[in-house]
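Here come two complexes built around subunit A, the first alongside subunit B, the second alongside subunit C.
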Partner chain A sequence: MSSTNLNRDSIQDAFLATKTRLMENRRVRFLLSPGLGLVWTLVFLLIPLTIIVAFSFFRSGDGTTIIYELTFENYLRFIDGTVYQRIIVRSFGIGVLTTLIVLPLGYTLGYFIGRSKSKWTPILLGLVVVQFWVPLVIRTYAWITILGREGVVNNFLMWTGLVAEPLQLLYTTHGMLLGLIVSILPFMVLPVYASVSTIDEEIIQAAKTMGASDIRAFVEVTLPLTWPGVVSGILFTFILSAGAFIAPELLGGSSDRLIAPVIATVFMQDFNWPFAAALSLIYVLLIGLVLYLFTRKADLEEALEGASL
Partner chain B sequence: MSFLEINSLRKVFGDTVAVDDVSLTVEEGDFITVVGPSGCGKTTTLLNVAGLQAPTSGSIELKGRDLTDLPAYKRDIGVVFQDYALFPHKTVAENIAFGLKMRGESQSKRDEVVEEMLSMIDLEGYEDVYPHQCSGGEQQRVAVARALAFDPDLVLMDEPLSNLDKKLRQSLRTELKRIQRETGVTTIYVTHNQTEALSMGDKIAVMNNGNLEQFADPKLAYEKPASPFVANFLGQSSRIDGTLRTDSAPHVQLENGAILEVDVREGFDDGDAVAVFLRNELVSVTENQPADVNAFTGRVAEVDYQGRDVIYYVTVPDLDVTVQVSGDGRGTVYEAGKKVWLSIAPEDVIYTASEGRTGDQKHAAVQTSVGAQ
Partner chain C sequence: MKSEWNWRAIKGMSLLIYLSMLIPLAVIVINSFNPQRIAGFPPESLSLHWYGEFFNNELFIDAVVVSIKVGIASALLCGAIGTVTAMGFVRKQFPIKNALVIVLLTPMLVPPVIIGVAATVFFVEIGWNRSIWWIVVMHTLIALPYAFLIVRSRLFLFNTTLEDAAMTLGADRLTTFREVTFPIISPAILTAMVLAFVISFGEFTATQFWVHRETTTVPIVIYSMARTLITPEVNVLATLVLVVTIVVPLVALVIQQRLSVNRT
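Presenting the complex of A and B:
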């Protein structure tokens, strides 16, 4: 027992010593300095983005070639045709739907974990994030073995005799939604948990002494104080589900082609890089607009100001 | 039927008895202070009255209504928390109006009360300010206004001044008393500060180890403490044990044979074992032998000069103790090693039954170091 402690201590000491030594190294310090963050952003975000913007104004030639002359035809193609517009609308629709389902589920879970004072709290939190140990693609493949014709669910239903024929669960919108909800849930639970756990119990008690029932205390005090957590949870959920790539590809049906896989197809199969670049930009601008309108509506600043005490 | 009746309140957490059989009655309009060291059960008692904790046994009645099983939000009791517990996302006005809003009062009625409250706490114009923009003292006053705004039957305050600096505490103490006088609201005020408890309370309840040691007028508790604990807690004093003799001139005979003349106290008989408490400020120090009875010679062991006052630790062989005495810092200050005379008038000698001495010894030891010669 004591030897393991000793061991752990010595490991910790060694770790701290190494950390100190590294931080004393000027080159290491330079690489970690905040100013360098700007350089990273420039190299890995702004430059690729600029390339995409540039590409979106070029023309696709025969095969995989690109004709380097300025044109608006990629944007006009989006505006004139309804196919890609419908795909974006559908992606946003799936985003809204996922958010509407994830919000109550995630809030309830985050609220109770945040409120619980038991020694199990860290374990509950661990259960929420444990799925991140497995890559998303593998987690999504796991759903195939659960939802497929020969999957766990259908085998069980057939065994009980509730259904005579296997149900079509895989390659449906429901299947895709299920995959999205489960993988995105932690992104709602964690911010809600974080904001709930910072609320001082006495504040809620104070509301009760002044005549607020449990429900009114929740509406008047808990909910507004957790609002910043809710808003960030909604943003995460919407962005992740509207832009989902793996779940619609592996679990969704033929009508569930969302924007991310579609852009990938235009890039990788049609090799129409200019049009794919234009689609990407249009999507980014539209989602930026949606988020801007949402955060303005959500009074994010006021919510944050109230919670910043 | 009293205004508030706490009957045999008991609260147990696991193996810990936080409050052990506390009974207390409060009359309408009274300002009661509850005082005791931390962990004595005073805050637990308060939370049980507020309905934020449920008693293990016992009952609480307010205006003849049994509150014991009533949830906090139906009790009409205002609470001022130690950390104020203001709503950070609501303005000062919204905080103050919260109780009225819960009672369905109209906006115009709420505005009217908020204005009235802000003028009472001297914070006119603070309606739209957020709590985190207020100073500690301002937040404290808002918390008080918020607890009073919905016209509760009773207001409970849990160490509301303990987070403030000494100067502010002083002025807010006066302010709180004024507000209570103006509104006439029955108030229970919990504190661990003896001075605060004595100066603010119409009546003072001294608690220790989950028990109510004494509930009395502050002057009575100070001069005629019910237990050694109360005597010790309400003021700086030195403890000496002895036997009460009332056959001739009433006196306490100490274990070493020395005699201390005292006044007769009701309920005490000849031969009772008593604990004598010599209050610092009631013992006088002189260079020459005074003409008074109860004069003892001793040697200054330590001097603690504090400006206006000076505290001497005087070793008195006759009493077998080191007595802590307050002297006048503006006159001659005696140096350590100096031989001085101590005297105390018989009516100033405080004594209680010495029972419970074992339990209280650790408190007594703070003031009295026995046999340090």
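Presenting the complex of A and C:
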């Protein structure tokens, strides 16, 4: 009698112990689960992208309906007409141009903050970081008040008498580029700053003591050491400018319809989801191609990490 | 001598870049106090007229409320998911880890327009009605890579002997996490959450596909007003957002510093 009791107690104890251990384990496993983020990315990005692939082979019917049959219509429309091809080429061209301008400017500022050793350095850095925090829409909208007919620049020029009529600065390619460049600059400045600030000053001094000129010391010592920052900056600058939406729409002219706004128009105003899907896919594949070429020269993960500094 | 001049050129260039980043924002703030309907610059007089109009306009207030709600929800989700995922990636060994990291980072690589289009098609196809939750889950997705990277870089620096010590002293794993790991990485989690809030609060390009009349967010309002030119209240809204997006991270920075001081 007592022995069975004891038995039952010990079994129950053992059972409870196992249960707690299991529960603890499960909770721990949850805390250590790499899967959660992956599932989120899978469900809300990769599956939707796959559905986009399917949609690009459908056809848009009357109004907002979609005809679910296999067709190459959307791709043929892209191949036959030069309109959309030209838009994509122009977007990538703007991406390259912006990168070529942002690289020297961003490098200069990143280098300046990295090498300036004063009590102002944190504030100089902070002023750049703050740019990340202020919504892009606001930073772009701000240029309207600067470049518009009644804007700061025109009012100033009229006041000095340099021009008799307000200049057309807003709704031009130059206006768009200006807004794009300034808004993207922080993505170049911060990674360059991060790599410049880790360089030991003595290495550069050593090069100079050995007789290297300023330029030579920069090209052979500083530049290679800051290369990871540069690579990170180039990656973000290109992706963000080739896919820009706000700057071309708010500041650009009628010829500045880039791929991102065009896809949005096809999707939301024409309600042609299948064609928007095809355009998206072509665009994503081209970005993917650029990324592939990129990974042959640099480490993608490292470059992406540069932006979270 | 030569060095001196190079440095001066760099300084001059940097000053120009700072001016180009800061003057436009300063002009918005100044214009928000300009009582004229068509704001000339510099303003002839200053007043709080448009601030009054702003606070009487439900459209603006509603957008601000939606943006704050979405921002907080996304920040909480990103903090939780980002931490759990980063813990998993740092502490566990599993195959094709490097490729899976890139998968986690894809939201940074896919252009926001595509994210907007793809998610809309997906949600409509599975029959999920458009609501504020669309925006919350998608903003979480967009900010997740940043949250993950921030927490992970903190965990890389983490000295695991501290955890071993706690467990040797009899703490179970959950207690160890709660009492040892979490306090140490909490500043990083806070940073991640603040960044997620800021990203969510400012996201426009993808979000424009997901909003409807009752879930319009602040960037959408500013964009549509900037396109349709324009009621001057947009300067007030932009100024307030400017203040919030600068003050919130700064406050977080101060809290974070406190947390770090208390720990040592």
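What we mean here is this: the second predicted complex is superposed on the first by the 257 of 309 C-alpha atoms of A that agree within 3 Å, B and C clash if a C-alpha of one lies under 4 Å from a C-alpha of the other, contacts with A are read in each partner's own complex, and residues count from 1 in each chain.
Following the convention adopted for this analysis, contacts are C-beta pairs under 8 Å (C-beta built on N, C-alpha and C of every residue); 3 or more make two chains touch, one makes a residue touch a chain.
Computed from a prediction, not measured in an experiment: that's the story for all the values here.
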| item | value |
| --- | --- |
| Partner chain(s) touched by A:F245 [first = subunit B, second = subunit C, both, neither] | second |
| Partner chain(s) touched by A:Y111 [first = subunit B, second = subunit C, both, neither] | second |
| Which superposed partner A:G35 touches (first subunit B, second subunit C, both, neither) | second |
| Which of subunit B and subunit C A:D62 touches, first, second, both or neither | neither |
| First (subunit B), second (subunit C), both or neither touched by A:D80 | neither |
| Contacts of A:L225 with subunit B and subunit C, given as first, second, both or neither | first |
| First (subunit B), second (subunit C), both or neither touched by A:N155 | second |
| Larger contact residue set on subunit A - subunit B or subunit C | C |
| Set intersection of subunit A contacts, subunit C complex versus subunit B complex | 305, 307-308 |
| In the complex, subunit B residues that touch subunit A | 50-52, 71-79, 81, 83, 85-90, 98-99, 102-103, 130-132, 146-147, 150 |
| List of subunit C residues in touch with subunit A within their complex | 2-3, 6, 10-11, 13-14, 17-18, 20-25, 27-28, 31, 38-41, 81-82, 84-85, 87-89, 91-92, 94, 98, 100-122, 125, 137-138, 140-141, 144-146, 148-150, 153, 172-174, 177, 195, 198, 201-202, 204-205, 208-209, 218-219, 222-223, 226-227, 234-235, 238, 241-242, 245-246, 249 |
| Subunit B-touching residues of subunit A, taken from the complex the two chains share | 200, 202-203, 205-213, 216-217, 220-221, 224-225, 303, 305-309 |
| In the complex with subunit C, residue positions of subunit A that touch it | 24, 27-28, 30-38, 40-42, 44-49, 51-52, 55, 105, 108-109, 111-113, 124, 127-128, 130-146, 150-152, 155, 178, 182, 185, 214, 239, 242-243, 245-246, 249-250, 259-260, 263-264, 267-268, 273, 276-277, 280, 283-284, 287, 291, 300-301, 304-305, 307-308 |
